[in-house]
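Input: structures, listed below.
In the two complexes that follow, chain A is the common piece, with chain B as its partner first and chain C second.
After this line comes the complex of A and B, so read on.
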């Protein structure tokens, strides 16, 4: 059994996270809570560590249904991108599947990609 | 009494006064988003307003001085040339200085460069607060920000953008 399939998604009313082994994470809803780092940061870190433990070469994070987030939630994606950027070739490719019609995704993930270099890939619809 | 805009003398399209509680934020933000979507033909205005409201109200709520006088006021003004959102609150004095420093720093950079710089800072300081919100309002929402201290000790943040 893979590590990633054992991730337990957080239970929130406005946000859903689904894990499909071996390497797909799908997020939906909104994140506009007071402290997303406290509520979701641990889960994102668990996913990252599970991906490393499973030795995946590419992790796909589908955010197309994540329609709105606050800047504290954007920070979670900055952190995640930093984790993989630091690892370089020892890590995995973090591929964000985005919807370019959603403003926050169009602006923030383009900046993230410039920050994360070759460790980050974007698929924009 | 509903305040009028200091320059135009007009009453706001939307005026709300409420306690700075997180419980109100989603409802207020989504009402204003709906109002813009239903009122203006510009497709992206509602989304831009949504971002500005989330970030300004979130800051006002997080950093308001506790107590009876800590109500915050939200005003939305519009004319053909400008769309204005103001949030007036009574912030913690320590936060006020941080806010002033941040706005001065942002004013020196173009919105995209400032947003990238904010991402770099967040990446380099993983334990520190994100502080992406102000730069996000300028780059993603295309609103410029202005801070004014009022005689009564409150602080008014004005976000100005094209409709």
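After this line comes the complex of A and C, so read on.
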């Protein structure tokens, strides 16, 4: 059994996270709580560490159904991008699947990609 | 979402947080004397905006409302007095948040808005990069940068000795 398949998604009313082994994470809803790091930061870190333990070469994070996040939540994606950027070739490719019609995704992930270099890939539909 | 559903949500939000039905140019006007629970209120604002404006405009209103209120709650003074207004007047749509604060905070906001006006794109990118720093103290600046760059709304600030009013606005 893979580490990633054992991730337990957080229980939030307006946000859903689904894990599909071996390497797909799908997020939906909105993140507007004041301090999302408390609820979601640990989960993102667990996913990152599980991906490393499973030795995946690429992790796909599908945010197309995540329609709104506040700036505190954007910071969680910035953190995640920095984790893989620091690892470089020893890590995995973090591929965000985005919807370019959703403004926050179009603007934020373009900057994240520039910060994360070759460790970050974007699929925008 | 249809208007009756929005009205039903409004009733629940009124009961929970004291929303006052708005008059004049204001579409929604709310005040709190304690730290508000933002999540249900923002759900209401989102539903309300979607029922009355285009999807793009509703998205901009949601973003400005979320970031301005989050800043007010996070960085307002202990007096904990907040007000929120969504207003439509003279072809402009405005999100206005007022809270008590200290002069140093007002000075910092004024300087940041000057930077934002000079180059919203660059400030947005640099604030996102800065948010990598361990201290989260600059998150409010990322919020304002998002309003200016992402929502493409202008921001103005008026202040007196003890309170600050931040208005994000755009054409309808």
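One rule holds in what follows: the second predicted complex is superposed on the first by the 125 of 125 C-alpha atoms of A that agree within 3 Å, B and C clash if a C-alpha of one lies under 4 Å from a C-alpha of the other, contacts with A are read in each partner's own complex, and residues count from 1 in each chain.
Rule of thumb we're sticking to: contacts are C-beta pairs under 8 Å (C-beta built on N, C-alpha and C of every residue); 3 or more make two chains touch, one makes a residue touch a chain.
Here the structure is a predicted model, which is why all the values come from computation and not from measurement.
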item	value
First, second, both or neither for A:47, with chain B first and chain C second	neither
First, second, both or neither for A:27, with chain B first and chain C second	neither
First (chain B), second (chain C), both or neither touched by A:84	neither
Which of chain B and chain C A:103 touches, first, second, both or neither	both
First (chain B), second (chain C), both or neither touched by A:4	neither
Touched partner set for A:71, first chain B, second chain C, both or neither	both
Overlap of the chain B and chain C footprints on chain A, listed as residue numbers	32, 34, 68, 70-72, 74-75, 78-79, 82, 103-104, 107-108, 111-112, 114-115
Partner chain A, residues of chain C touching it in the complex	38-39, 42-43, 46, 56, 59-60, 62-63, 66-67, 70, 73-74, 124-125, 128-129, 131-132, 136, 139, 142-143, 146, 149-151
Interface residues, chain A side, partner chain C - complex	14, 30, 32-34, 68, 70-72, 74-75, 78-79, 82, 102-104, 107-108, 111-112, 114-115
Chain B - residues contacting chain A, complex	22, 25-26, 29, 44, 47-48, 50-51, 54-55, 58, 62, 115-116, 119-120, 122-123, 126, 130, 132-133, 136, 139-140
Of chain A, residues touching chain B in the complex	32, 34, 68, 70-72, 74-75, 78-79, 81-82, 103-104, 107-108, 111-112, 114-115
